[in-house]
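Both complexes below contain chain A, partnered by chain B and then by chain C.
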Partner chain A sequence: MSNLTNQKIFTLLKVQYSNMLEYRVEIALWAISGIIPFFMLNIWTNNNLNESINISDVMLSRYFLCAFFVRQFSVVWVVFSFEEDSLMGKVSPYLIQPLNPFLRYFAQHVAEQITRFPFALIIAFIFFILNPETIWIPNLSILFLSIISTFLSFLIQFLIQSIVACLCFWTEKASSIERLLFIPTLFLSGLLAPIVSFPESVKSWIYFTPFPYLIDFPANLLSGNHTNITGGLSMQILWIVLLFPIFKKIWSAGTKKYTAMGS
Partner chain B sequence: MLKNIIEVKNLSKSFDISSKEPGLKGTIKHFFKRKTKSLKVIKDISFEIKEGEIVGFLGANGAGKTTILKMLCGLIYPSEGSIFVSGNLPFRRKENFLKNITLIMGQKQQLIWDLPPIESFYLNASIYDLDKFEAKKRIKKLSEMLEIEDELFIPVRKLSLGQRMKSELLAALIHEPKILFLDEPTLGLDINAQRNLRKFLEKYNKETNATICLTSHYMKDITSLCKRVICVHNGSISYDGKLNLLLKKLSPVKEILIVCKSEKDANQLENSGFNVKNKSKNEITIKVENHSITSSLKTILNNFDIEDLFINEPPIDEIIGKILIKKDHNV
Partner chain C sequence: MNLIRYLKVYTKFLHTSLASELEYKTNILIDLITAILSLLGSIFLLYIFFQNNESIGGWEFKQALIIQGIYTILNGITNTWFNPNLTEIVKHIREGTLDFVLLKPIDSQFFISLKKITPSGFLEIILGFCLLLYCIKINQIKIHLSFLTLSLITIICSICILYSLWFFISTTTIWFVKTWNATEVLRSFLYIGRFPLNSFSFSLRIFFSVFIPIAFITTIPSEVFLGISQTWKILLEVIVAMVFLFTSRKFWLFALKFYSSASS
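For the complex of A and B:
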C-alpha cells in the first residue's frame, strides 16, 4: 500500500475516532445494552439447561461472556446510517468523492469499536468479580485467531447490512428488511443459545447459513469450547467472498437508480 | 480559442413518480396497487460550456436546473443523450473525474457536525490524496480567502450558517477542482455573507480559471457572477446566451426621472412628444427606448432647464421573474 493510501485510512480512522469520542456516553450505554448474553446465561444456569448439552457451568459462562465480547465488536448499524443519509440527501456529496461512501461507514464502525473497547473490558471485569471461577487466560494463538474470527464476523455482518442498505436506492425503508434479518441473526447466531444445543435437524442445515459464524463460532473459539477452527474460519472467509461481489453488483446497479432525493 | 469543458447533447432525464389519491380509499388503493408514471423532467437539451466560464442556470422551482447539475457532476444517471465533462462520462464517476469537480448544495453539509471543520478539511485532503504539507498550505490559503481562520477549530455545530457555508466551500475546494457545480450556494445567508461568497467565487475563478455552473434564486448571484445564463423552463432550455442581451430584450425601455427647475419647464417637457409615465409639479418620468437614450438626453439637456435627472434601471428581479414564467427568449 502506498503512503498516501495509508494516510487516507489513518486519517479516516483518526477523524471518525475523534467523532466517536464525542459520543462516549452513548457508546458506554450501547455497550451496556448489549448484555443479552448475560441474561441468557442466567436463564440457562438457573434452569440447569446446560446439563442437557454436556457443557459445564464454567464453560457456559465463558461462552456467554465471549458471545458478549464478539457481539460488542461485530455489531453493525450501517443500514440505519445509510438510510438516514440517503433520505436526508447527505449521500450526494459522498458519492462525488473518490472514496466509496461505505468506507466511511466502515471506518465509523471500527472507530466505534475502539471507543467501545474499554467499556466492554469494564463489564468483563465486573463479570469476573461476580463469577471468579470463570476467569481464564486463553493462549495467545487462540486469542489471535479469535480476534481474526470476530473481525471476519464483523465483515460478514457489515457486508450483509451494506447489501440491504443499498436497497435504499429502490425503497426508502431498507431498514425494515434488516429488521427481518435480525430475527434469524438473533436466534441462529448463538446469541441466545449455543448452536450445539439446537436439535440435530436444525444443526444439519444451520451451518450452511452465515449465522453461526457471527457469534457462535468466534465465541466458542475464544472460550476454549470444542470447535472446528479451520472449518469455521474457512466458512467465514467463504461468506465474505460470496457477499462482496453481491455488494459490488448491487452498489453499481443502485447508484444508477439514485435520484439524489432530499438534495 | 478556449476549449469546451462541458458538452451536453440531446440530454433527457425521466423519473418514475408514484401518485396517490387523497383519503382512506386512496391510501388502500395505493397500498395494493401503486400507480407510477414516468415524468420527463429534462427534455432533449444541448449546450456547451467553455473552460473558465461562469454560467448561471435560471428557472422556476422544479424547472430542472438542479437535475441538470446533478447529471453534470455524475450524481444521477441520464435517461437519454450524452454528457462529457472534461472528457469524461460523469456517471462513471472515475477517480480522475471526481478529483476535478466539486458540488456544493446550499444547506447540505458534508462537514462532521460535532468536530471542528479543520478535521473535515484534513479528511477531505486525504480522500483527494493530498499530503499533509499541501493540505495545510491549501487550508491556510482558502481560509484566508474566505476569512474563516478563527473558526477552523470551533465545532461545526457552534458555527453560524454563514461560517458553516464558508467552511463547506473550503471543504469542497480543498482539492482545487477545475469545475464547480454550485446549487444555491448562498441559500439562507445574510446580505454580507452572500456578497463575501460572491467575491470569493469571482476571485477563485480568476485565480484558477475554474469553470463554474451556478443555480441561484438570488438574482444578485447571477448578475454579479455570470455573463452567460441558461434559462430552463419545464425541462427545456428557453434561452442560452449573454445575460445583458437577455435583459435588454426583456426590458427594452429605461425610465428617466427629470427634475425641472420650474413647473413650466415640466409642462413643456410633457408636451414635447416623449412617452410620459407620470408627472407631478416639476418632476416628470419618461420612458425611453434603450437605443435612443443618448439622443433623448441630448434633446432634454439642450432644450429644457433641468435641475437633476436619474436614469432608473428596471428592477432586475422583475425582469428575471419574467424569464421564469416565459417559454421563449429568443434574442
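For the complex of A and C:
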C-alpha cells in the first residue's frame, strides 16, 4: 500500500519536473519578478529607516534576502491552474482517476520549486557579490528548521489557495478572491517590511493571523534575527491542522456539487 | 474620416467587452474591495517608513501620498486597458490566432491594444483621483490653469511610457513565445513607482531612469503637482514618452516580419 503511494508520488514528481524543465526561461523570469524585497531593502538602508527598529544594515539585508528565498519557495498558484482546468472542463477526467487532483497540483508546485532553485541561488549569489559583508553561514540545525518552516509556510498558502480554488465549484472566477487575499499576504507577511517595524497597534493582533508565519517567521529564523522558534513552528502547524479539515470538507462538498460539461 | 472609423470600431470594442465583463457582477465587487485594500496597504507601508522619519528622499508623508495617488491611477489604467489586452498577445501567438488579427482591415496594434477592457480598473482610477484631491487639500496646492495643463501633460506622457513598456515586453513573445511571466517582471519593477525616486540608492536611481524609466512615470508628475518640478524635467519626460511610443511602434512592425503563423 505504502509502496504504491510512494510510486504515485515519485511518478507525479518526475512527470511534473520534466514538464517544468521545458519552461526554464519562464521560471527564471518568475524568479526575477520576486526581487521586490531587494527594492524594499534599498529604501530601508538608503534612508536609515532601520535605525529606529534597532536592526543593523547587515541583519536587515540578510532578512530581506531570506524573505526573498522564502517567498521563492512558497509561491502558490493552484487557484489559477484549477480555475482554468475547471473552466475548460479538464477537471472531469481528473476526478475519475483514483488520485486527488490537488496532489497533481501539489507535485507541480514542488517540481517548480526544484527547477527554480538554481535561479534563486544565482540571484542570491549576485546579491552577495554586491554586498559581500552580508555573507553568513547559518548553522545546520537552523538551516534545517528554516527549510521546514518554509515548507510549512508553503503548505499553509497551498491549503488556503486550495480552499479558495474549491470555490470554483460554486462560482466561475475564484481567482478574484485569491487576488483579494493576496493583498494582506503582501503587506502583512513581512515581504515588504519586517513585522518588527509594524506599529504596536498592528503587532498586537497580527500574530494571531497566519500572515507573519508565511514569510517573516521563516526569514527571521534563517537570517538569524530574533524570533521565537517553537512558538512560530507550532503556530504554523496549528494553522495547517485548522485548514486541512476545511479543505477536505469543501472539497467533498464541491465534488458533489460538480456537474461536468454537458450533463 | 479614418479617425471616425476607428472611433466607431472602438465603441464596438467597448460594448462587447463591457457586456462580457458585466456577466461577473460579484467579481466587480470583490475587485473594488481589492483595490481599496491595496491602497490601504500601500499607505500602511508608507506609514511604517515615516513612523520615525520626517522625510524620505526629501519627500514628506503628505507629499509621498501624491505619488501613491498617481501610482493608483496609472495602475488602474494598466488594469483596465494594458493588462487584459497585452497579455492576450501571448495567447494570440501561441494559438496562432494572430493571423486573424493581421487579416483584419484595421491597424493590428490598435486592435491588439484596445480590444478588451476590464471595468473594475475604473474603481482604482477613481480611488486614485480621490486620494489626489485629498492631497491637493492637505498640501494646500493652488489650482490654476497652467498647473492643470502641466499635470495633465505629464500624466499623459506617463501613460504613454507605461503603455510602450507593456507593449514592448508583449511584443517580444513573437520570438520567445513562452513569456507569460515577462509581464510579471515588468509588474514587479513598476512596483517601485510607488516610492519617490530619491529614496533609492544612486545606482538604482540611474537604472530606473535610464533603462526602465519608471522614475519618470510617477515622480515627475508628482513634482509637477507640488510645483517643484524644473522645466527641463517636464520636457525630458515629453521627449522620452515620444521616443518610447515611436520605438514601440517600430518594434512591433519589425517583430511582425518574424511572425510565422501557427502551421508555417
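Rule of thumb we're sticking to: the second predicted complex is superposed on the first by the 259 of 263 C-alpha atoms of A that agree within 3 Å, B and C clash if a C-alpha of one lies under 4 Å from a C-alpha of the other, contacts with A are read in each partner's own complex, and residues count from 1 in each chain.
By definition in this document, a contact is a pair of C-beta atoms (placed from the backbone, for glycine too) under 8 Å apart; a residue touches a chain by one contact, two chains touch by 3 or more.
Bear in mind that the values here come from a model prediction, so they are computed numbers and not experimental data.
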{"item": "Room on chain A for both chain B and chain C (clash or fit)", "value": "fit"}
{"item": "Touching partner for A:Q97 - first (chain B), second (chain C), both, neither", "value": "first"}
{"item": "Partner chain(s) touched by A:I183 [first = chain B, second = chain C, both, neither]", "value": "second"}
{"item": "Which of chain B and chain C A:Y258 touches, first, second, both or neither", "value": "first"}
{"item": "Which superposed partner A:Y17 touches (first chain B, second chain C, both, neither)", "value": "neither"}
{"item": "Superposed arrangement, angle subtended at the Cα centre of chain A by chain B and chain C, nearest 10 degrees", "value": "90"}
{"item": "Contact breadth on chain A, by residue count: chain C or chain B", "value": "C"}
{"item": "Which superposed partner A:K8 touches (first chain B, second chain C, both, neither)", "value": "first"}
{"item": "After superposition on chain A, the shortest CA separation from chain B to chain C (Å)", "value": "5"}
{"item": "Intersection of the chain A residues that touch chain B with those that touch chain C", "value": "23"}
{"item": "Residue numbers on chain A that touch chain B, as the complex places them", "value": "4, 7-8, 10-12, 15, 18-19, 22-23, 89-90, 92-99, 255-260, 263"}
{"item": "Of all residues in chain B, those that touch chain A in their complex", "value": "15, 70, 73-77, 91, 93, 95, 98-99, 101-103, 105, 108-110, 112, 114-115, 119-120, 122-129, 131-132, 172"}
{"item": "Residues of chain C that touch chain A when the two form their complex", "value": "24, 26-27, 30-31, 33-34, 37-38, 41-42, 44-45, 47-49, 51-53, 56-57, 176, 178-182, 184-185, 187-188, 191-192, 195, 199-201, 204"}
{"item": "Residues of chain A touching chain C in the complex", "value": "23, 25-27, 29-30, 32-36, 39, 42-43, 45-47, 49, 51-52, 171-173, 176-177, 179-180, 183-184, 186-187, 192-193, 197-199"}
